[in-house]
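Input: structures, listed below.
Two complexes follow with chain A in common, the first pairing it with chain B and the second with chain C.
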Partner chain A sequence: MKSKFISLILILIFIITFLIFYKGLKNSNIYTPNTNLEKEVPSFELKSFENDSIIISEKIFENNNYYFMNIWASWCIPCKVEHEFLMKLKNNEKIKLIGLNYKDNFKNASSFLNDLGNPYDLIVSDRDGTASIEWGAYGVPESFLIFQSKIIKRFIGPIKNEDLLEIQKLIR
Partner chain B sequence: MASLIGSYSLSFGLFFSVFIIFFSVRNLRDTKILDKKIISFTFTQFFFVVTSFFGLIISFINSDFSNETVFNHSHTTKPLFYKISGTWGNHEGSLLLWLLVLTLFISIFLIKSSQQPKNYRIFTLLFQQIIIIGFFIFLIKTSSPFNYLFPTPNEGLGLNPILQDPALAIHPPILYLGYVGSSIIFSSALAAMVTSHVSKEWAKHIKQWVLASWVFLTLGILLGSIWAYYELGWGGFWFWDPVENVSLMPWFALTTLLHCIIVLEKKKILTSWAMILSIATFALSMSGTFLVRSGILNSVHTFANDPERGLFILIFLFTLIFLSIFIFIFFHSGKDKKENNFFWLSKETSILVNNWFMMYFLSVVLIGTIYPIFLEVITTNKISVGPPFYNKLILPFLIPFLIAMAIGPNLNWVKSDFKDKFYMMIFFTISFLLSALIIKQFDINFLVNTILVTSAFFLFFSTLREFFVKRFKNLSQNIAHFGFSLLILSILFNNIFSNEVITNLKIGETFKTEKFTINFENIDQEDEKNFKAIIGKFNIQYLDGSSDILNPELRIYNQPNIITSEADIKTNLFTDKFMTMNYVQNQEYFNIRYQVKPFMIWIWISVLLITFGGSLSFFNKRYEI
Partner chain C sequence: MKFIYTFLIVINILNFNLLKADEIKTENEIAKNLRCLICQGQSVYDSDSEFAISLKLVIKNKIQQGMSEEEIYSFLKMKYGEWILYDPVFNKNTYFLWLLPILIFLVGGAIITRKFYYKK
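Moving on to the complex of A and B:
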């Protein structure tokens, strides 16, 4: 009786171990940093993309509006991939798109926008890349969803269709 | 061509399993003697796997890039030695090697076990065939080393540079001899239960296999550790990396079994325990393979992230576990003879104490390795378990373990009393004074460290004395235990006396500390066949006027394009001076890491002593316990 009970428990333990390993197999083990954060936006003072006027970050992000800040560059291939989704996002009136042009030159960047369309409501240029570092960017492209001067979610790498749907759900 | 032969041999090999099983089952009832056909079929199967393995080696030597494995892991500019070692430096090839050892061992087993009962031998063969078939199917279905590529590429992708190292060329084969040896123990334990052959004779016969696997496993771990020390440039010999732990767990189980089987050999007690350990050793080896190969853990050993492969090993592993639980419950009587009574102070007790401690260490490592996976699956929290966890849980328990190890071997069977009390007291006092004197020099926790070093010294002196008292009796055990005391002492001193400097330096700059000055003199460039080397020249001057020149290297490999850092190590009997150099991106600075590590070489020597002790008892019965 006692030995049967023990063997039953033993078998149960191994079945549970099996299930957990089985589930663990499906998990990706590539480390991704936490993307849901409630962090104040870092402030910056940058030149506008079109002209040399200075833009201060506090003036951009109003409290009751959603902002989508996208770090991009004309030399960045994945940025071209995500561009169509940005264009779709532009149609949504509840959200404003801010472009942070990263280590780029004016000529290439404007022809990039001329060819593919300009999704941004405002573009600032980050010539030496310091503002992106302040924001803790991992690379280009990277995007931040901002509400009430807080980063609600960050997107590392090009945004995909699922991301677009998620954003639309979040700002509804 | 060689690939084609290899591929067919593999299928033929699997085909022979059918014959072996058919004749074995028929032979179970018939005659009194083992059918000679079974042995020849087993050898034929082994022959086919050897052919297949050589097929792969030849494809690697000829750089036959129509073979996908060769294409992925070799390159024409590679030296011949690494072309050959590249054969098992990848997932597919290493599995083929595993299969090779599996078939080799069962052939040896059949020859060596002629004194054993027929049915026991056949059942061992049958259980081993289950494992062999599993690996055959795994190889052929999910990780064939002979996939054909068309059109044939001109050049291969190259072997990972950190694997291009002599220690690593022999590390996997040696480790596999240990792992696969445990499969024989597993099969034979199951067979012994099914045929009710769990006896003193069985223990005597399987002890040879336990010893052999134990020696190989220890050596394999040692080689891996040496490689990590000078190749990975982390500046240590053990990092509690999950993959290291995975090899340490079967080692704990095997070491426990080795001690347990000694008791079983003398009298028929602890049988259930021996069975559980035999099963656990192999199950742990297999789960090691699963954890490493499925990509569920990330490490230098993860060859491929393929969930399909992981799933196969997982199902295979648990099939074997359930099979063994089933056999254990239904066939094992578990009733030891009435020899079960022994006095609290006896050799039996001391071996049991060893077993308890070993099991404790095993569970600590098991939890540290598996728990993060469990936690992540259940709560999606990611944690990493590092050295502080293991140090805190293992170090305090080393103290009683070491003391028991010093006293245990001197006790008698069944009933004993403390012998040589006088010497024990003296040794303990000397050890304590010595340790207190040493530890006082350093600004570290006095109490814990002193007691730890005391117990290590105590074991050291006690085993040293036995060399003179007992002469050749129990020589192998004595050498192994002496080696272990040396190992713990070296590890402790290595930790306590270590000194490290990490800094960024430009050419021509110097860095001063209280004890020495590091002078970065210049850098040289050298072109080798498969890499370009940037060699730094550092002059280190000590206060006493002596100096050392160290030349750490950065290697820029051409295929694949990877930078590795080669440590330069100056070794002498007392300390290792260890220096690595790394690029700092886009700057003229180099990141320099300089470490003074005392008694490093003694760690390797003591592990070699331990294995030497083990192998001695394998070759000469006179030295046995």
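Moving on to the complex of A and C:
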């Protein structure tokens, strides 16, 4: 009777452990942020890319306009891949592109834009990467679609053609 | 007079150093409790990735602004979610995790008491 009870408990423990690990096997342990969260735009004060004038975030994002905030750097290779899509997005008049130059130097970044074209209406530079943390970003490239001072969609990694279509659908 | 003056300056510098040391200590403590999101299995303190370097700088700035440790944790939790904290918060997803050791302890204790006291 007693040995039966113990073996039953052992089997039960084994099954529970197995189930926990089996469930855990399918969970991704790579950080994936929520991309559809409606969040307020974080406020920041950053230097302009071209000169040292300070730009305040409240002055950038007007209410009834769509903004596309793109975090990029000249040293980032996926940024080169997404660049052609940004150039396409530039042709859309309903949306303004804002570039956040992440941990870059002026020389490399401006030659990057000279070679591939400048899609941005405004570029701010984040030399030490602290402003990107305020945005909840954790790598380059990363983009945010903003409307009425709210982030309505977040894109992690380079923009693809499907993303471009989705943006055009959203801002119609 | 001159001696007192120098003495005061030296004391001041020493005091300032102590403050700075305290700041660095909390800074490191916070960084050790944060998961580096792009480098698996490393804390922000251990990592030298661009993300971790910036995050360490943010922590430093926040401490200088006078934010407490708890405030910095909740700020980062808001930005990146709970995954960034190594210490999981007690809620309905984690209660099993927190209670399991206590449960095992109690069961073990029960087995031991049964073995030792009931046999007598």
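Just so it is clear, the second predicted complex is superposed on the first by the 141 of 172 C-alpha atoms of A that agree within 3 Å, B and C clash if a C-alpha of one lies under 4 Å from a C-alpha of the other, contacts with A are read in each partner's own complex, and residues count from 1 in each chain.
Here is the rule we go by: contacts are C-beta pairs under 8 Å (C-beta built on N, C-alpha and C of every residue); 3 or more make two chains touch, one makes a residue touch a chain.
Computed from a predicted structure; not experimentally measured.
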Which of chain B and chain C A:Thr130 touches, first, second, both or neither: second
Partner chain(s) touched by A:Lys103 [first = chain B, second = chain C, both, neither]: second
Chain B versus chain C as contact partner of A:Tyr138, first or second or both or neither: second
First (chain B), second (chain C), both or neither touched by A:Leu25: first
First (chain B), second (chain C), both or neither touched by A:Asn63: neither
Partner chain(s) touched by A:Asn91 [first = chain B, second = chain C, both, neither]: neither
Chain A positions touched by chain B in one structure and by chain C in the second: 29, 31
Residues of chain B defined as touching chain A within the complex: 290, 294-298, 305, 307, 310-311, 314, 318, 321-322, 325, 329, 334, 373-374, 376-378, 382
Touching residues (chain side chain A, partner chain B) in the complex: 3, 7, 10-11, 14, 18, 20-27, 29, 31
Chain A to chain C touching residues, read off their complex: 29-31, 33-34, 103, 128-130, 132-136, 138-139
Residues of chain C touching chain A in the complex: 37-38, 40, 50-51, 53-55, 57-58, 61, 79-81, 83
